[in-house]
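Chain naming follows the written order as A, B, C and D, and within any one chain the residues start at number 1.
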Amino acid sequence: MTPQDSAARPNLWTRLQAIDRRWIYLVIWIVVMVPLLFPFPIKPKPTTPVEKLFSYIDTMPAGKALVISVDFTPDTRAELQPMIVALLRHAFATGRPVGVLAMAVYGLGLGEEALSQVTAEFNAHATTHEDSVINGEDYVFWGWTTPPLTVMLGMGERIANVFPVDYYGARTESLPIMRDLRNYDDVGVLVTVAASAMPRSWIVYGQTQFGVHLGCGITAVSAADFYPYVNSGQFVGMLAGMKGAAEYEQLVMERMAKNKMDWGLRNRGTEAMSSQTSAHLAIMAFIIIGNIGYFATRRRKS
Amino acid sequence: MLSCLVALLLCSISPPGNVAARDVPNDEGGNISVTWTRSPDTSVTSYRLLRQSEGAGEWETLGFVGRLATQYTDDAAANGRRYQYRVIAASPVETAESEPSEFAVASAQWYDTDTLPALVGTAILVFVFLYFINRAKRDRNLFIRRISGLDHVEEALGRATEMGRPTLYVPGLSSIADVATIASLNILGEVAKRTAKYGTPLIVPNTDPIVYTVAREIVKESYTSAGRPDAFTQDIVFFVTDQQFAYAAAVDGIMTREKPATNFLIGMFFAESLILAETGAATGAIQIAGTDAVAQLPFFITACDYTLIGEELYAASAYLSREPLLLGATKAQDYSKAIIVGLILLATLLALVANVSVNRFL
Amino acid sequence: MQRKLPLTIVLLTGIFGAVAFFVPHGAIRSVDSVFRNDVQRIIAAFSLVLGVGSIVQHHLIKIQRKATFWQYSWITLIGLLLTAIIGVFGGIDPNRPGILPTHIGSFSFHIQTIYSNMMVPLAATMFSLLAFFMSSAAYRAFRARNLEATLLLAAAFILMLGAVPLGRTIHRELPAFAEWILAVPNTASKRGILFGVELGVFATSLKIVLGIERGWLGGGGGK
Amino acid sequence: MNIATDPWVWIAAILTIAIFSFLYRENPFYRAAEHLYVGIANGYAITFYWHRILVPSLFDPVAHSPHFITKVWLIAIAIIGAFYFTRFIPKISWLVRIPIAILLGYGCGASIPRAVDAELIKQLQATIITRAHFAHWDTAAWAIIIFLGVIATVSYFFFSAERKGVIKPVSYIGVIFIMVGFGASFGYTVMARISLFIGRLQFLLGDWLGIIK
């Protein structure tokens, strides 16, 4: 804030020109925080890659499993965790068997968190055994093992060999769900949710060697890197960043409404997306105000 | 007829065929590539690779690959030894074994033929550079156009001197292996000569321990050559931490507490670029930035007064020092760019007019 | 000797580094990998000793001189010492405990706990300051002063609109247009810049290896 | 409200707030967090170098390697590394240059062919227009725009000629491409950075205060 800036006769615009940046910070803070506290969901229209993944999972042959690979760490949780939650809800709402594994060791906690959240949501509304979502019957959490190559190849042969015990310590062989979830043949689609290059490894090992169908959920920054794989059909669909997560949540909410599951669930991605939208709008408004001020001052000077 | 039937009953999946093994070319040896044609049966889930070294009499298992694979690289072959391979198709209930392959031998090569374009390209560029550097020894009047960021170095340092406030120099956040860091250290040498001359305090926080040692030597040398060895003190160049954001936090602290009048942010930067540049802008410092990290340039452009874009960073030490040999190299860079543009035009012309794919040769 | 020897070493290791790129043979590759791994890492470890020495000295001087805010230097020094003791003696792998216990009852102070509960939140928060800094930088710099500045502003604006659902509401093709800007003009400019950068890298490397650029030799004189 | 009871969550939350307070102004809380951060980061670096580099790559092999030559090799590297400490002995302080020269020489030498191979040749290949681009009008148009944009941008970086004649308008087009590219990169990154802040808020409001969950 140099003195020259305020030397001109201070009208509103010139004052805005030299506004203390802390006002900008305050506005950003408010517009991001308020939608998180008091969600006003903006309903995003799903884009093609998101719709593709949704309808692929929605129309998989009965009995085929959805496998989610948690390949990210807590630092990208805000963007990626909502994807896992939405995918789990979709699978449980449509009665798909679900398998969850983690390629990132720090992803274990994230997988566990998402599973306990979503299973609790479903079981809270369950009245019969059929309605409930039960560990070992409707879903399995295999946990983490390394190296990735061994996992990706081994799952093509026998998943129970790769993960002899699940995350909770039960022998995977003994779980009823594993009877129909032997290897990639029983997997309808495997969705890798990652902030790294892991989706590429899944293509190289899982897909080119076993032909497993893949989908991916990635951060907004890496979206451009993965578009080519969606266009070539190597990924049946893709969720990119919070926007992708929010769009998928919308589709899942519509599906659940159709299945009479209007439980008023919170959608972290959609909520965060309203924060995103308001932050983007605020920044754009700042740019516009700055320019109006700029032209107003310039006219005054000339 | 009967034997056929027995075979069918005993072995209902058919084995993979045409198993072939050959040395992987252009490597340091140790690798043999095995190829086969897949078993036609859909129940196959994977293929298992077996290897036998000549005379060993025993087949060892190497590993397995998915049912769609038709190739496997054995990366544990001893050079000069003869190996043969078998591929076994496996379904959940049974297996079928192929005929063994012919023998193959892994060997190391002294030249990687895949690098031929790089070799030719390197040779041409080295030649161009040596020619111009040599010519620069005779020609004392090589011209370099104005680079606005560098024209303002003196002015920015002068301002710091007038205001009696220090100058901050951030040599990037990468290691010495990053050539941008070296370019930055060269500029640091020139900046330090001037701060020594003007008697302006200089602050050089570092994030790479090796860069720290080099930066320290360079600044010391600059102070000596400016005739002020006494002005060089221990706390001009110091190491902070090798953690990106801890470093950013510390430099932000320095910027707001010491209030340098001039900030140089030159070298390799990552996401912290705008954290540094925006804090510097908020303290009212004149900021000169320079990086070849294309992803960070937009942030420096928006938050700094002057930004050296990409190659300008590499022309800077020639520009500031006016050393003929360095100017010659800058001239060579220009001619190399002309060659590249020429090549793009030529290759496009060939591709469009004669339908010759130049990419085949690259 | 004092200058000749380092310059000779630079020339020899430089030629080796370049040649190794073209030669796959094990004789060269194994030496190359020693350079890449052992030499790099061990020398870096020694330089870290100097680095840590530097930061410790920096703060000790501050304390000694009672410089402005010298009290805070104690925080750095104590934090450094405690973390190093816990880390070096407590072990880095939770499954292989070191000689120092890393928990009192259920309260863990293992180096990984410190990492995830202090370093990670600190880094994430520093990183997230960018949300604010981007806003203020955009406000200040995105003014339509001339054609270039206007284009910078317009491209940023369109990309921001394309990222939120509103963009699609304004025009159905807006997100696609945003993608096009990223894929076509942006690619062209990046590629053009990269050509220059790589030539600069090439030139600087060559100058160092040939001993034309010798600023890195620093002080101390000698022939 | 479901406020956290784990002391570590409280520590993380306090540190988070201390860093955010910098947005208002530099203050004692930020200063303390910053100094603490630098201290811990260095302590962690010492830990890391000790357990992940010195022990497995130097001490263990020197003590246990079956190959005598490996031991000699590693000890030699360690001695070269120790040259760094000659800085404190003025007489032989120039030996500091030896480890620097080794790293610098090797790094520069290795980057010479790589700059040509990985960047120059690959980028050149990608820029050439071929007949295949003319299969669709759009691929052809985009390829031509990229082609012209690359040439214009490269010409912006000509240093040895005054900007006049042909170079002037061409390099100006280059500037236009550069600016559009920078603007696009900036706008594209906003979302990711807001996400980071949302992540921190979710930590503060969720994990710590338990207001949202």
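FYI, a contact is a pair of C-beta atoms (placed from the backbone, for glycine too) under 8 Å apart; a residue touches a chain by one contact, two chains touch by 3 or more.
What you see is a predicted model, and the numbers here were worked out from it, not measured in a lab.
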Between the pairs B-C and A-D, the one where more C-beta pairs touch:
B-C
Which chain has its C-alpha centre closest to the mean of all protein C-alpha atoms shown?
D
Most remote chain relative to chain D, going by C-alpha centroids?
A
With chain centres taken as the means of their Cα atoms, state the distance from chain B to chain C in Å.
13
Distance from the CA centroid of chain A to that of chain D, rounded to the nearest Å?
26
Between chain A and chain B, what is the gap in Å from one C-alpha centre to the other?
32
Please report how many Å separate the Cα centroid of chain C from that of chain D, as a whole number.
4
Shared interface positions of chain D, touching two or more other chains
19, 22-23, 31, 33, 35, 37-38, 40-42, 44-45, 84, 87, 97, 100, 103-104, 107-108, 111-113, 116-117, 120, 127, 147, 150-151, 154, 157, 178, 182-183, 185-186, 189-191, 194, 196-197, 199
Using the touch rule from the top of the page, what residues of chain A touch 2 or more other chains?
21, 25, 28-29, 32, 75, 220, 243, 276, 279-280, 283
Show the residues in chain B shared as contacts by 2 or more other chains, in ascending order.
115, 118-119, 122, 125-126, 177, 179, 182, 210, 213-214, 217, 240-243, 245-246, 249, 257, 282, 294, 297, 299, 301-302, 309-311, 315, 330, 333, 337, 340
Show which residues of chain D lie in contact with chain B when the two form their complex.
19, 22, 25-26, 30-31, 33-35, 37-38, 40-42, 44-45, 84, 87, 96-97, 100, 103-104, 107-108, 111-113, 116-117, 120-121, 124-125, 127-131, 147, 150-151, 154-155, 157-163, 178, 182-183, 185-186, 189
Which residues of chain B touch chain A once you look at their complex with the stated criterion?
45-46, 64-69, 90, 92, 282, 284
What does chain C use to touch chain B in their complex?
18, 21-27, 29, 40, 43-44, 47-48, 50-52, 54-55, 57-58, 61, 68-69, 119, 122-123, 126-127, 129-130, 133-134, 136-138, 140-142, 152, 190, 193-197, 199-208, 212-213, 215-221
Footprint of chain A on chain D - complex, ascending
23-24, 189-192, 194-199, 201-202, 205, 211-212
For chain A, which residues are in contact with chain D within the complex?
22, 25, 28-29, 32-33, 36-37, 75-79, 219-221, 241-243, 268, 272, 275-276, 279-280, 283
